[in-house]
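Structure below; questions to follow.
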């Protein structure tokens, strides 16, 4: 998963991009990058780690210009280090071309093989790189048409920002899998993955480009180019609401906090529990737990404390000890739990490893009964549209029955939100892609069907 | 403020110390250090920044032995960088001597002048250094007696750990201002500032040494040496419960979470408000806000989201803009706030700067009415016993009436917890030092009375 | 300028490459890189600065395999930092392709424009990158033929090493501008810019590939592929003997030390001086100065001491002071110079800035008369075949008469080696390219003739 | 060994100190430090490694004031890292006190024990630290007298600089073992270990303070305080001339280059050899080799090339191979050596390890006969006055006969300069301490005689 931002028409655009990336940090902590254009020349800085680790005043001062592209990259198995960091910057016959991408192109391997056969040289393993090659090879006369032609060949998920000279392009795939929002700030335009980035810089939200949109932003004006051909119903990702987006963002028109609250209330109706208190696995489940507490009228408590000093490169002197990774991050509040029957609400359950460790911690703190409630359905299929998930074999919801899972994580009762209940809770903002919960894939999985491995998502 | 840890009798004691410092990180982010003894030789590593930044497997492997001392240091105006980092390690005629200290010695300047007059050389500006000089100059024949004599000369606040060879000493001042707790783990003993450190390593809590205690720990045994002379009633710091300690710790026998919940309930009784919802300034006020919500039966909400990626060295490209430091850390959830009358609960109010910025943020998110509630009394006097606070002139509670403060931070109503109410809420664990709220100082402020500036606390 | 090395068929080839790069450090201090192949996968590490700064045991351990390519890059105005560092590694349809290049391709801009027009994307500004694009786009069926076709399109100077999987290719341009030597060591083959690299690892020198050669080395065997078409007489660079190569290397069949000695002797015959002593500008002129002393029978002295701790990034607190850059590097030995008539021998004179500073230093040390002798002719034309030189306007030999130069650097007499004398001194190893001294360019300057700027050399 | 510098009365004194340390880099590469005073406050920066690595414009800008102290420290077995770096800065009752020391105090352990018994705390293991404790404990009323009293208690070698506020003190031990020179520059005074430091900043040499001198420099004036009591004949170190000092310095009134030239000529007279050429082990033996060539009329050659890119932290992938450390540093020039009878001149022979490796290298390059000549007598006793040398057991001159050494390093003949010949060559500048060559120690070895280990020299 990734976060992206584009800025056009503001002084010191790199600073605005930096602020937005900071607000989008939850979408990717592996690497961060900013590329700007000034007087026709591109400037690029990328660094591993957090935005605030890789950028400072000196670095930003070296990124002049009024147009900027930014990116934060999620940690993925395949590509550690800088090699897959974005923005990607290349030189082609129309000048410098930079790209920031969030999503996963499902025919990237097929396209890449064709391009390599024609002599194209690749620098990275990410699917994003096929986009720039397709643009460079297009026979269309204008940059606008080259971009449109290139994007037309892609299948799958992409919210993508492109910079050619002082012009910024923003596009979404025809299904609209990944979010993108346009705002007005500091006399120019800002395009970002989530509204929380616009909030931080005090921008006015202008619009959420429709699926298939291609926007061109230059000299302070936004032009809607001819959109990409429609490919079926829009399919925005429901997992953004369940877990990924920040609770203070609006995604798909919905307040993320309100959506999670609705999931929690619906969960309480579907999977009630008699208990002394309800608490969340902080911080991503706070809203859902509060919704559960409201609906069930069971008192809301703070049963787990999270340590926010956990670094990305944490060392584990004692890591052989079971559940250590959980303990380093959470501690149970004995006074809340001891002798009580508790409801623990989590937003989702993927592998089950963390949940199992958490339950052990809560049990040690003296819980009499533990009722585990998950504010989304079982995850049964990997996402091929941009969310980083393990293989099907590692998804506990795909390989175990609910009762097996209950025994595995060792709780007294386990309840998931139903697929229908989830959709009903946010019905006014749908329909959604729910492939990870249902196994129904909205866009063709071209590479997989042709026997190629899925490409590295972004 | 600082956090301290001592380990005796466990294999690879540095790793245990490291884990405990990690859990005590909230007590100090400026610098961290660990000193160990192996085969009569001392090993020391100190670094600026977080524990996980300054220590890794290689560093820990270079700190051998079964006895260790650790320290995390709070950022203070006086002493940036490593020069004032701890543990302090010196060589004296009985061997290597290391010390970790939490507190503030109120006669340190007087003692230092005497020592300097006798030819003592100082390396730092922290009051801790007088302790090692007093020990080195003692004419007492044994280390035990040297330590007791040295500590007897101190006035003020100190929870202190000393390491001489493989022997660990732990002592508290006669008033017991700062916390200290002893636990049993991994076949040895661990002494730390808070129980959350013991929880992380799975230690059994053994005792909280009484004010004035001197413990000697060697070869797996704990001996209580003759305590320091009593100096009045015990005066444990109530601000640890109000703000400083972690909510999952037990301090002064009280659960910090439960104490804050009690403050919040008492606050609701004393300063009720008619409102649509209650929310906290996360994370330190969560417990108090929940207590307020319970008592007042006003719904608890998540109205503010905190960004945990704020680094210590954050750069501020736009910082001239008012309230920027607040915005970088918090965002308001418009859907919770818009059109509502809200109660905002904070744990304490020191300068008023952050509160003012937060209120502006909440106001922009559409709040109709804002009722600000503080779960402690006005801070009117600086702490001279270890808590880092600004001068009296900067304490808004000392210089403005409550109504002036209300207008300054621009809220519809402002209510503080009363001094009596605060004490009543945690009466069973007291009495307490409440100097910052009352101006009544339990231990003499010797340096100040003699016209010297207060020394650098730790 | 650059140094290159290739290794095939030795265990831990990266270590051998590292050692050779270390010996070739004088050919480039800006950046260093090594790329290896193991089990069909390429591993790359590049770093700015010296070889010993960028590589250590850990880095080398991360570069497995029996085939390696290395590169050290000279500091050039155009491309600071890592972006132009080599080896360049790309992925094309035949697998991973890495390249290390020393030289300067004179039709690189023309080729690049054609490639960009066809949709090729460029990552760097160095001419080397056109080579990999030409290979990737070749329609030839085998890698051997693709490489031959690509190299056939190049005009200018290139000693180039290519790695495709476990196969190493080594090639020289048809004029043979830049050196390359093949040796046998550790059971495999090593190809390097100079023999001093082979000496360090104890290799046996096998051959110097003829101009136009293409060698293929795999599984311990060297195959000579069909050479590139001849393009005129061989034109090895005489400046390698004058200044660039290490004195303990053999280049063009000549001992560099002996060649410089011969230059010095010839200089003494052509430009005699009556003086008390002769000394060199250390270390590059030591051999020539000794030759001058021998032939003239004037005593050889150590009149200048060089400080070898000058870093690449030296700071200049007092740099406004004239000649400071010279003083930081050299000091005059007063006892040698005071009251004497001295001959100072330098290898070449490019801008005149350093010479002027040195002469001031020698004058201050009390020299009565200074006779400056240069062991090569005036530099009057820039090199377009790989040597980093300033523009013609900055070449003092191109813009000033010898008498003007004498006055500018303020010496009593100035004498250069004649063009004929230089050639005569090393006649048995020639003929040579002497373009920088004569203005006669052996290979066409295609880009310049077409009005393009010269490309970034390597 | 170490290099020291003090600056008083110049603007931005830290920059002057930095330049001087840069020129003194050959006296110590382990660590560098500068301490300044401005408006009564001391500023200190120390770093491991070279001066140019540890200091830059930003660091120097943080060291304000017109008085500065600097130090470069040699790598010694005992104290890696920063802990023993200098200047040492302490706070005592008269203010901030900084010290830079070159030498070795032979009663430091005895003094330290007494000080520790009285309660003094030590931070380092270097003997320098006793000086500051003695000053702090002195009962004398003025700083001048405190310093004189403290220095009076020391036995052994010390050239020492002290800074108290804006006042600089410079002192030499009564034997005058280590060099010190005073110059005038930039409107103030500069005191440094060698004249090459004064040359670099364009200073006028004012005087070499006599053994036992104590100079006080403040407000632009130099006062000679009452000197330390005489303790026998002056005994300046002859090894400074043999090896340690830079050839362009004047030490003990002698030009180092001329002294080495005289050693080489005397060596040629005492130990003639019939050979085709003479060459040096560069760079420290260049002068002596040239002297040998002059006297013997055998042609001087450049037979060995030294690689100056050898870093302090060089890694050794192949280091098991014999002689590798030598090969990384030197290469033999085959054309000079092959088939020849050669004289190799080295300045001194300590362990014999390097010589043995060098001879193997020269032998491989084809030497027919090797005559090894050493321009000083056999080293038979460790230095206790500041030169870093191995123990007696490791000194090959102490444990082997000359013929055994000849066989060990495998040369055809071996000749040392005689003790008498060495003294005769520099007789006009003596007498000298020659303890390392003669075993006669000028100052008492107090610690050793009392059974204590020698302290860490500086």
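Labels for the chains are A, B, C and D, by order of writing; each one numbers its residues from 1.
In this text, a contact is a pair of C-beta atoms (placed from the backbone, for glycine too) under 8 Å apart; a residue touches a chain by one contact, two chains touch by 3 or more.
As the structure is a computational prediction, the values presented were derived from the model and not from experiment.
S.K.: Shared touching chains for chain A and chain C?
M.R.: none
S.K.: From the centre of chain A, which chain's CA centre is farthest?
M.R.: The chain lying farthest from chain A is D.
S.K.: From the C-alpha centre of chain A to that of chain D, how far is it in Å?
M.R.: Here chain A and chain D have centroids separated by 62 Å.
S.K.: Nearest whole angstrom, what separates the Cα centre of chain C from the Cα centre of chain D?
M.R.: 37
S.K.: Name the residues of chain D that each touch 2 or more other chains.
M.R.: Expected reply: no residues.
S.K.: Between which chains does touch occur?
M.R.: A-B, A-C, B-D, C-D
S.K.: Please name which positions on chain C make contact with chain D in the complex.
M.R.: Where chain C meets chain D, its residues are 12, 15, 18-19, 22-23, 25-26, 50-53, 55-57, 60, 196, 199-201, 246-248, 255, 257-258, 286-287, 290, 294, 299-302, 305, 307-311, 313-315, 317-318, 327-328, 331-336.
S.K.: Taking the touch rule as given, give the residues of chain A at its contact with chain C in the complex, in rising order.
M.R.: It comes out as residues 90-93, 97, 116-123, 132-133, 136-138.
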